[in-house]
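Should a chain be cited, it is by its letter among A, B, C and D, assigned in written order, with residues numbered from 1 in that chain.
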Amino acid sequence: MTATSPPAESAARQMSYAEALVLGLRRALESDDRVRLMGQYFVGLTEHRQLVADLRDDFPQRVWYPPISEIGYVGAGIGAAISGLRPIVDIATASFIFQAFSQVVNEAANVRYMTGGQTSVPAIFHVNHGIRGGGAAQHSHSPQAMIWNTPGLQIMLPSTPRDVYGLLRTALESEDPVFWADHVKLFDVTGPVMAQDWEAIPFGVADIKRAGVDVTIVATSYMVQRSLAAAELMAADGVSVEVIDPRTLVPLDLDAILASVHRTGRLVVVDECHRSCGVGSEISALVAEYAFDALKCPIRRVTALDVPIPFSPALEAFVEPSEAKICAAVRAAMGSV
Amino acid sequence: MSPRLRSSELVGQLRTMIRIRRFEEALIQLSESQDVGHFHVYVGQEATGVPALALLQPGDVAYSTHRNHGHLIARGVDPARMMAEILGKATGTNKGKGGTLHLASNEHGFPTTSSSVGGPLPIAVGSGYAFRELGLDRVSVCLFGDGALEEGAWHEAINIAAVWSLPVIFLCENNSLEALGQKANEYPSSTLAAQRLTDLVRPFKVPATAIDGADVRAVHREMGRAVRRARRGAGPTFIEAWTVRWAGSRPIWPQLVTGETDVAYAWDDTAIPPDHAEWFGRQDGLLRYVRDLLAAGRVTRADVVAIDREARAEMAAAVRFALDSPYPAPEEALEDMYA
Amino acid sequence: MSELRTIDAIRAALDEALASDKAVCILGEDVTVGGPFGATKGLVERYGDWRIRNTPISEGTVVGLAAGAAAVGLRPIVEVMFVDFITLAMDQLVNHAAKLHYMSGGQIRVPLTIRIQGGAVGAMGAHHSQSLEAWFLHVPGLKVVAPSTPADAKALLLAAIRDDDPVLFLEHRGLYWSRGEVPDDPADAVPTGGAVTRRTGTDATIVSWSRMAHSAEEAAVVLRTDGIDVEVIDLRWLAPLDIEAVLASVRKTHHLVIAHEAVERGGVGAEIAATVAASAREELRGPVTRVGAPFAPVPASAELEALFVPSVEAIVQAVRRSVGRPAAAVG
Amino acid sequence: MTSLPPSPPDDSAELLDLLESMWLIRAFEEKVSELYARGRIKGLLHLGIGQEGVAVGAASRVGGDDVVFGGHRAHAHALAKGADPERLLAELAGRSTGYCAGKGGSMHISAPEVGFVTATGIVAGNIPLALGAAYASVVGDRGIVAMAFFGDGAGQAGQFHESLNIASLWNLPLVLVCENNGYAEFTPLSAHTRVERLAIHAATYGIPASTIDGNDVLAVRAAVGEAVQRARAGGGPTFVEALTYRLRGHYEGDPAKYRELSELSDWKARDPIARYTGALVDRGTLDADGTAVDRIERNARERVERAAESALAGPIPKPSDLLTNVYASEPA
């Protein structure tokens, strides 16, 4: 496939992540009468916003723009799911989830368990996460690590147009709540999507985004893209990097990660969460425990630094996990054999 | 009495009220002999919950709070399974995973119960939203105490219900009437700057009324209006039901400070313990209802005594069932996480 | 020295802080009557109902209010009744209190202490029993401390109050009534941070905090009878984390087990394990093993709850696994 | 019409100060808009062009020790409280010479030295903070007043309600200034609530509340003046709802297609600066020939130009600045 190839029957089409995402939402609305969109910032304030506006024009009764009442409308999404709808609730910028945290982690996550399995909450909670450029401390969060410490929610972190499209279908068909985070910088990423069909990508199946033999990188969301770019640079240096994208943290395909580490003996975890108690911490800890003997060198973590995200572009660039930092970690892993 | 209700329905509500009373008394007595953990009882509020929830149809949902026992019994949940849940047994409504704070029975229209103050309000609004969107002629009732109005969640929830005109009934059981703030070793009462709770509702253009929650007829009337409004798509209603807090619910751990309720107090003032004359003589909605039905000739004293005897026996059996039930198997702790 | 219950030690620290600094005040639900566990009992009589301030059930706003008061010069202590209710205040905690200092480029200080109790005790179910410290470690700008003894409860609470940053002071409900020796003297300035070694050993290190630190010590006793000599470190402060103390111990024992009551997945144990595995890999002679709660909400049934909380036996097994001497081998 | 006081104070200098302050803010925001379009300023930028009357009228009645908390559209409030345009612009441009040394940016301005404590990027997030400052004033017996500015979108947030309740219960010296510009982000208020006037909420909590013309700087000044006086006298909180309009989109780059052009032109005709200028000319404080007005505008623009020039010449923060200020007392 090339970017210029025209759309064809049952052929992959090149499209942006934002288009694939909104196409997924459209398929959801078309395929299931119970689906409602609650929110309007699925692709943030990017130039792709019009795509969501178009959806609302096409489904005026099923796309709702709630007030700035996160605790109110997120809770309403839970109740709606309990009572038979399939709400896809957009919390917009991930930092705002803290306004609704009690509903997401205390209510949605617990309902099935607390009721001994009687009641389901088939709701999807969507956020735009990550360091976006000038978002500063209150618009740059990646809350997935905190959510991961909260049993009861499934966590979906797509990294490509194809994945967001396919994972959304699985999320929609799940009887349990899903936390779905898109990185703001993914919206412009393009890639092939089998747009004619809407094939589900199962949860808990990691995807080897690039095969390699020297070092394993585990990354999620936009960090997959960064890692692929870094892997490309490393290939020029003769280092063969494998990039594994778990795609969902709950359920987690630990076997795929362990298998790759057994092949390469080296692991770099790339994660845009803060370092302390981040997603990278858990993945490192799991591999350190279950692949202890396979490791030829210490596991390295490339994460956002442990500071609130600063506003200034100069500081922001320093905080985030960059290609250069990933390459440095890979080199260090190779050098320490 | 409400002319629209047949005698059998009136007596049925009386039976439910007595059963709730005996359930809670049995639980308090059980707690004296063994550790059942912390719990909250519905004693003194039966005259609100029973007539209010009697107006619901199968398919309607209700979301309750930490003080939920009476609500569940009112909609037909088996007290034995509730008692078992409170004791953490495998036979409980939630298989031991919810406990008293989270008693739920989906088949009876209690999908989940939150013990987070204000927690259920947005969720109830969501069910109302689903009913509207699914074109279902159903109602979502949110039951909460006056303290929930101190939470921002309440404000966000009623605003959305109002602006989207959802079939939601906000039934606030205000049992803090006589108190403001907390007294030593007692439960707190609401600390709200509003003169009347209903004042807080009016800006949203949601009809709001305050009624005597121990007056079955008033509850039935206002709740009936609210249900009809909701079903015809006219939006939410707010009802504040005033109740006097039962003395046994003032301590942090419920106690039978008034002794067991004797239904004969309804017709024999001399039997009422002098220390609790005001409660049993005038405030207790259950006894008021018995007196009303007797005065209207809908029941006889013998009927009441017979209903009570059955209720006592039922609750004794419920306690036995709960005690005899097994605890869940350890590995069940990991079940019911995901569908 | 006096023998005090933890709850009394906490009250003593509050009293001392209020007496020595007029900027200290307490806000929370029912604090004038002592709160649900009596931590603030009797304080309103001594300090008045402005410094000991009852609030409505408005967790989010109360935490924000305290941060605002701290920003302009007070040193507030907020009591949040159950750690589970901090979910209602996460915006004010994460987006405001933790960041005001940084976002202002250091112009504003937020000397705020949030006292908050949790733990799976008393069959209270999923909304009243959690251990959420990992969330707070993931928020730069917050400090986190979790004492395990009455003496620490007093000293560390005073340190938290006197610290110029927002501190989460995590109390374990199951420790409130346990007793211990507490120094009577007004505590001198106690520094923020620092772990303590509760028991020295040479064969393996158990790192823990709060109630689980006691289980770790019990596990060490059991393991001693098997000839495994265990060192027990009580971290006390989780942020800042005294990783040097952990690394020093690992350099000696070469085996590490981390035990905590919080859910294992995404817990603080992951951070410690990841750090040690990266920084001291050559010192390790076995995998770093973690003991934490299973991936489930806290069940209400007392029997299920008891299974949910990691047991002494689970810690014993983890140590055996790490040192390569599984239970079967030892009998 | 902009209402002049029934018996105008004979203090022309004070009246002219208001106009100068409004022009400074207007010039500042127009400059910032231009720099943003040229890529010299990054991030999310929310401008309040057209709302200057509220910030200036309100700030003109608070004292130097009183404290102000802004929201995400807070440049005007900081400037009106006396913030230095150069350091503010440097902050917007992410310079280490900015108020927050580049760590805050447009949404998190903090200038405590002039009583502007902080702003927030979370709708309604600053109201509890201001509430706390008012509480601190009472506890410390400091006699200062706290003021929060927020938009109509905040009225649907739970923290708004919780704060009104507590402010009223505790009778705190808090002035709540709601800039009701009719739009919460991209949505008209009517789609977000059936409540037409947010002041009604305040009244239900027993808080004196009024709804005024926010494009009339003197009306704002009068209402807030009364509120500050009440707060200082121990009379508790006041809620002032100022009706106004932002002439730009929600943020720079927002095409604002959700509103009618006629609505925009109606409000342009009620531009607070032009109205106030007209009123001052009518009462003779300003000459009708416009030279004085032109001079005020020119001075403001020149001041902002100078500020922008030196702000943008300021240094970019160093990587070593990154890890400072996470904690006040850095962990050992």
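In the analysis below, a contact is a pair of C-beta atoms (placed from the backbone, for glycine too) under 8 Å apart; a residue touches a chain by one contact, two chains touch by 3 or more.
Everything quoted here is computed from the prediction, not taken from an experiment.
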Of all chains, the one whose CA centroid lies most distant from that of chain B is D
Separation of the C-alpha centres, chain A versus chain C, in whole Å, is 31
When centres are defined as mean Cα positions, the distance from chain A to chain B in whole Å is 42
Chain A to chain D, mean C-alpha position gap in Å, rounds to 37
Here the gap between chain B and chain D, centre to centre from mean Cα coordinates and rounded to Å, is 47
Touching at least 2 other chains, the residues of chain A are 67, 69-72, 95-96, 99, 102, 106, 113-114, 136-138, 151-152, 306-308, 310-311
The positions of chain B in contact with two or more other chains are 92, 94, 96-98, 102, 114, 116, 119, 150-153, 155-156, 159, 163, 191-192, 337
Each of the following residues of chain C touches two or more other chains, namely 55-56, 58, 60-61, 84-85, 87-88, 91, 95, 99, 102-103, 125-127, 140-141, 239, 294-297, 299-300
Contact graph of the chains (line, ring, star, complete, other): complete
Residue positions on chain A within touch of chain D in the complex are 40, 45, 65, 67-72, 95-96, 99, 133-139, 305-308, 310-315, 318-319
In the complex, the residues of chain A that touch chain B are 34, 36, 62, 64, 66-67, 69-85, 87, 102-103, 106-107, 111-120, 151-152, 154, 174-176
Residue positions on chain C within touch of chain A in the complex are 84-85, 87-88, 90-91, 93-95, 98-99, 102-103, 125-127, 132, 134-135, 137-141, 239, 241, 262-263, 265-271, 273-275, 277-279, 281, 284, 286-290, 294-297, 299-300
In the complex, chain D touches chain A at residues 42-44, 91, 94-96, 100, 102-108, 120-125, 153-154, 156-158, 184-187, 191-193, 251, 253-254, 316-317, 319, 321-323, 326
Residue positions on chain B within touch of chain C in the complex are 35, 37-38, 85, 88-89, 92, 94, 96-102, 114-119, 147-148, 150-153, 181-185, 188, 190-192, 252, 327-328, 330, 332-334, 337
